[in-house]
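Below are two complexes that have subunit A in common, paired first with subunit B and then with subunit C.
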Partner chain A sequence: MSGVLTAARHELLTSARAKSPYMLVAAFLGMVAASTFIGWRTTVTVSAIYDRVVADGLTTQPNPFTDVSALYYVRNTVIYVLLIGSLMAAALGVQSALRDRKASTAALVLTRPVSERAVRAGRLLGIGAILAILVVVTSVVTWVSVGAIVGHALTATQTLEVASFGALTWVLLMGFAAVGVASGMVFPRERTALLAPVVLWAVIAFVIPQLGTAARPVSLLNPVPLPAQGSGAFGWLSQIMAPFSITEHFKTASAALLESPYTGSAVASAAVVALFTLIALAAALVVRAARIEGGSHE
Partner chain B sequence: MSELMTLARKELLDVRRDRVVWIVMAALGIAIVLSVVVASLDFRAQMADYNAYVAQVKASGSGVTPQAPQLFPLQLLRGGMEYVEVLGALFAVVLGYGSVAKERARGTVDLLLTRARSGMSILGGKLLGLGIVWAVVSLALVVVSLASVAVIGAAHIGLHEVARMLLAGAAAWVYVMFWTAIALALTTVTKHSTPALFGLLVAWLVVVLIIPQIGDTMDPDNQVPGGLFNALAIAKPDEQAVLAHFTSFESGRNALEVSSVSKLYERVTFALLGIKNTYTGQSLAFVWDGTFRNIYGAVGATLAAFALAIGAGRRVHTLRRSA
Partner chain C sequence: MTTTAIGTHLLTHRYGSHAALSDLTLDIREGEIFGLLGHNGAGKTTTVSVLTTLLRPSEGTATVAGYDVKREPRKVRAAIGYLPENVTFYNDLTTAENLSFFAELSGLRKPGARISEVLEFVGFTGHDRERVGTFSKGMRQRVGLAQALLHRPEVLFLDEPTSGLDPEGVRALRELIVRINDEWGTTIFMNTHLLSEVTKTCTSIGILRSGRLVHHGSLADTVGAFPTDDALERAYFASAESDAA
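Take a look at the complex of A and B:
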């Protein structure tokens, strides 16, 4: 156990020293902070459009934004977690897996009385701690920015919902971090090790949902839920693809937590995200390293 | 010129031997074919729904039937073009990065300088070599796209479609070359390859995904499922009249979108292929009138990226192992 904790401490220290992933971390934190403002600005404009439409006598429909929750402004954050957060987590995982090989210290580490698997578990624990810190920071930023926009502090229930969304975010990010670690173990080149999780992410985020819903790929980055496609081949395709649509399940569970409209079961969706992370963690622990020495061989 | 060609040939040889390049290009082709399959299935589902509705209308004795869904063959390529926009840019970044990072990792820059007069020649040769690679890949994607529309979509492909698809292929070449040149420049000017790779990944995220996503999310019509104006039962002319009161918001949103070269590429391609309804069935002259600013923007950005990449050759010493 002490070997695992030592590896975790080392991971925290070396991750803090590595400057390269800071750009991704800054992009993630910056966009999460900006997302509440974007959501608020858009809603204000759309409400003004609705008022104009009513004043011109063009509709008798009710305003679709009258009773939206304060957490409605946070819905873009879900997309930035999927877009930036998951890639950031994968990059942290890849860097962790490649670090010893690039520094030629893998053999030195394994002279200590600790198994390679324990070292990997420690690294994942360290990455988990880093991601937890980032998620706590984003949750606090979200809580403060929404409170500032609506002019009062969020209720206890809403605070709990923001915290639960943070927990779900951490679970998803751990899954992608584990994918990154596994990729760093399997691929000898840094660019391939980083490219593989990004391609896997693109398949999960774009290709699989497209096969099940006929949605065009870029529209999947809009937080508004897609109209369900139940007819023809999409009926059974969506059934087959459903367990693999990790990002869509994350969107569903997040929408439920953030008081936004959603379709399907939020609990089942959260369970699918958790299962993805467990499988990825297991893969990161058991996958055989292609090589432990010799640089990144670009 | 022969110096540039020698360096370009060396680049072509390296790419030919790199299995990863072929795997990612194949992945892009598969993504395009899959998106045509999905679009075709979607159209067939729409036709089946329409036929069932018409049968119901006839059974009820009513003589009024709605207009049948119309198939515009190149519209089946919408998803495929979006994959080129997202994945094509990523693969272009990886190709450009790998081309420079390998010289740094192998310490072969001094050897290259025995054949080339300057670092700018090396970068110029790499740009030329990768330009040829992308020209071949773009042409292959044009063939794959047209074949999948003809075979899977069961659509007639005439000279009109071939010409537009070739222009879309040229647009794709300009777009991926922008990313390749940026990757060559950034990887050369940074002292180590890893920060360059992360910087490129962030640039890709911001330009390809985040800026267009913000623009899309801020679109008033994208706020409710099925569209805000549809939900409020407002006709298109009324929608435009209402939006005329919000020009500053729309101008800001448009400015944000056109700051992304990906959005420029998307607008040009969607217009060429008639994917955007405004351009469906319109002549190329009409498309030019509507998109020439976007074309100038995309070509200008790519030329600037070329200049950056070749100029980065002045700092080729950063690729030496001792640097």
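Take a look at the complex of A and C:
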């Protein structure tokens, strides 16, 4: 256990000294700020148009934003987590896995009386801590900025929903970070190690959902989950591909947490995301490292 | 009566069908400084990699500090220190942070005092809060030697320790290696292709050629067989020629 904690502390320390986590923080905070700003700007613009249309006597319908949830402003964050957060988490994992190769310290680590898996588990724990800090910071920024936009503090239920969305985000990011670690273990070249998770991400985010829905790629960049096709080839493809549509499941579970419309079971979708992360973590722990300076034969 | 610190019997390692090391049989006694000589690609690093448990032997047996490298790799690791060739460390961390990580992985708790002691021994005090990324090759080698000594290993493996050092650095490191052996009684296994290093540092030598040990004996016996100034050079090439014949 001490080997795990030592490696976790080391991961935190080396990451804190490197630039990547700070870029990650900046990108995440930028995403949250952009998300809430876009939501707020949309509301202001639509409401202004609505007021003009009402003044001209052209409608008697209610303002579409009158009853909208305060969490509506967080909706775009879902897509930013999928587009930017996932790839950044994977890059963090790759950097962690390649660190010993870059520093030529793999042989030093592997000749210590701790198991290689314990060190790897520690590194994943360290990455988990870094991602948890990022998610907590962004959740707090979300809570504050949405409260400022709507003019009052979020309710206890909404606060819990924001926190739950943060937890779900952490689970997804951990999955992609683990994919990055596994890739870094398998591929000794940095470019290939970085490219492999991007390809996997593209398949999960675009190819698999398209196979089951015939959706246009641009519609997959919408935070609203796509309804599956109920008939024909897309119908049965949708059923087969459903468990692998991790990003669509993330959208569904997020929509439920952020009081947005969705179809299907939010709990089942959250479970699929969690299962993806568990499988990725297991892969990161058991995958055999490519031999550079010699791998442990234990 | 000294006991065996490193023993191998018909030790072989293959990369695919290529045998990088063939039928190596060695007996290195406790307290020796053993120099493994050989040309580039002779199998020196493969030998060290097998003995430090980084590679699994294809055939044969090996023990280090009394532990079998195949069956008891973790016990072997607890008993050895290792300085690979061209180690650079985590550049963004300080000397103390780098050493602390390796000390804790070796099972040392609160290693601060031991780190100070080892840094003083290798003549590197006053740099513990500096980032390793700013160090020269010679300074990194001292940090490398310090990390290898942190947990008081019984056997120390050094892979081309003077590679890339300037003459002053070479001499300083050579003196350190002899001091480690003298003061702590550590058995030292050193890979090198520099005959002068072996002459000035080692008590026994082995000559490896294309993965095979072609000579093994004490430095005194080897040099005694060629009573000239360039004795070791003659011994080296004589071994190579007899192997080729």
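Here is the rule we go by: the second predicted complex is superposed on the first by the 260 of 298 C-alpha atoms of A that agree within 3 Å, B and C clash if a C-alpha of one lies under 4 Å from a C-alpha of the other, contacts with A are read in each partner's own complex, and residues count from 1 in each chain.
Please note the rule applied: contacts are C-beta pairs under 8 Å (C-beta built on N, C-alpha and C of every residue); 3 or more make two chains touch, one makes a residue touch a chain.
The model shown is predicted, which means the values in this text are computed figures rather than measured ones.
> In the superposed arrangement, does A:91 touch subunit B (first), subunit C (second), both or neither?
A:91 contacts subunit B only, not subunit C.
> First (subunit B), second (subunit C), both or neither: which does A:274 touch?
A:274 sits against neither subunit B nor subunit C.
> In the superposed arrangement, does A:83 touch subunit B (first), subunit C (second), both or neither?
first
> Who does A:113 touch here: subunit B (first), subunit C (second), both, or neither?
Touch partner of A:113: subunit C, not subunit B.
> On the A-aligned overlay, A:103 touches which partner chain: subunit B = first, subunit C = second, or both, or neither?
So A:103 only meets subunit C here.
> What is the contact status of A:186 with respect to subunit B (first) and subunit C (second): first, second, both, or neither?
A:186 sits against neither subunit B nor subunit C.
> Is A:211 touching the first partner subunit B, the second partner subunit C, both, or neither of them?
first
> A:17 in the overlay: touching subunit B, subunit C, both, or neither? Say first, second, both or neither.
Touch partner of A:17: subunit C, not subunit B.
> Identify which of subunit B and subunit C touches the larger number of residues of subunit A.
More residues of subunit A are touched by B.
> Would you check which partner chain A:6 touches, where first means subunit B only, second means subunit C only, and both and neither mean what they say?
Once the two structures are laid over each other on A, A:6 reaches subunit C alone.
> On subunit A, which stretch or stretches are contacted by subunit B in one complex as well as by subunit C in the other?
295-298
> Which of the residues in subunit B come into contact with subunit A in the complex?
Listed in rising order, the residues of subunit B that touch subunit A are 20, 24, 27, 31, 34-35, 38-39, 41-42, 44-45, 48-49, 78-79, 82-83, 85-87, 90, 94, 97-98, 101-102, 104-106, 193-195, 197-199, 201-202, 205-206, 209-210, 212-214, 216-218, 220, 222-226, 228, 231-234, 238, 241-243, 245-246, 249.
> Sort out for me which residues of subunit A touch subunit B in the complex.
19-21, 23-24, 27, 31, 38, 41-43, 45-46, 48-50, 52-53, 56, 58-59, 61, 64-65, 76, 79-80, 83-84, 87, 91, 95, 189-192, 194-195, 198-199, 202, 206-207, 210-211, 214, 216-219, 221-227, 229, 231-234, 261, 295-298
> Quick check: in the complex, which residue numbers of subunit C touch subunit A?
Residues in contact with subunit A: 49, 52-56, 73-75, 77-78, 80, 82, 84, 86-93, 97, 101-102, 104-107, 109, 147.
> In their complex, what parts of subunit A are in touch with subunit C?
Result: residues 2-3, 6-7, 10, 13-14, 17-18, 99, 103-105, 107-115, 119, 293-298 of subunit A touch subunit C.
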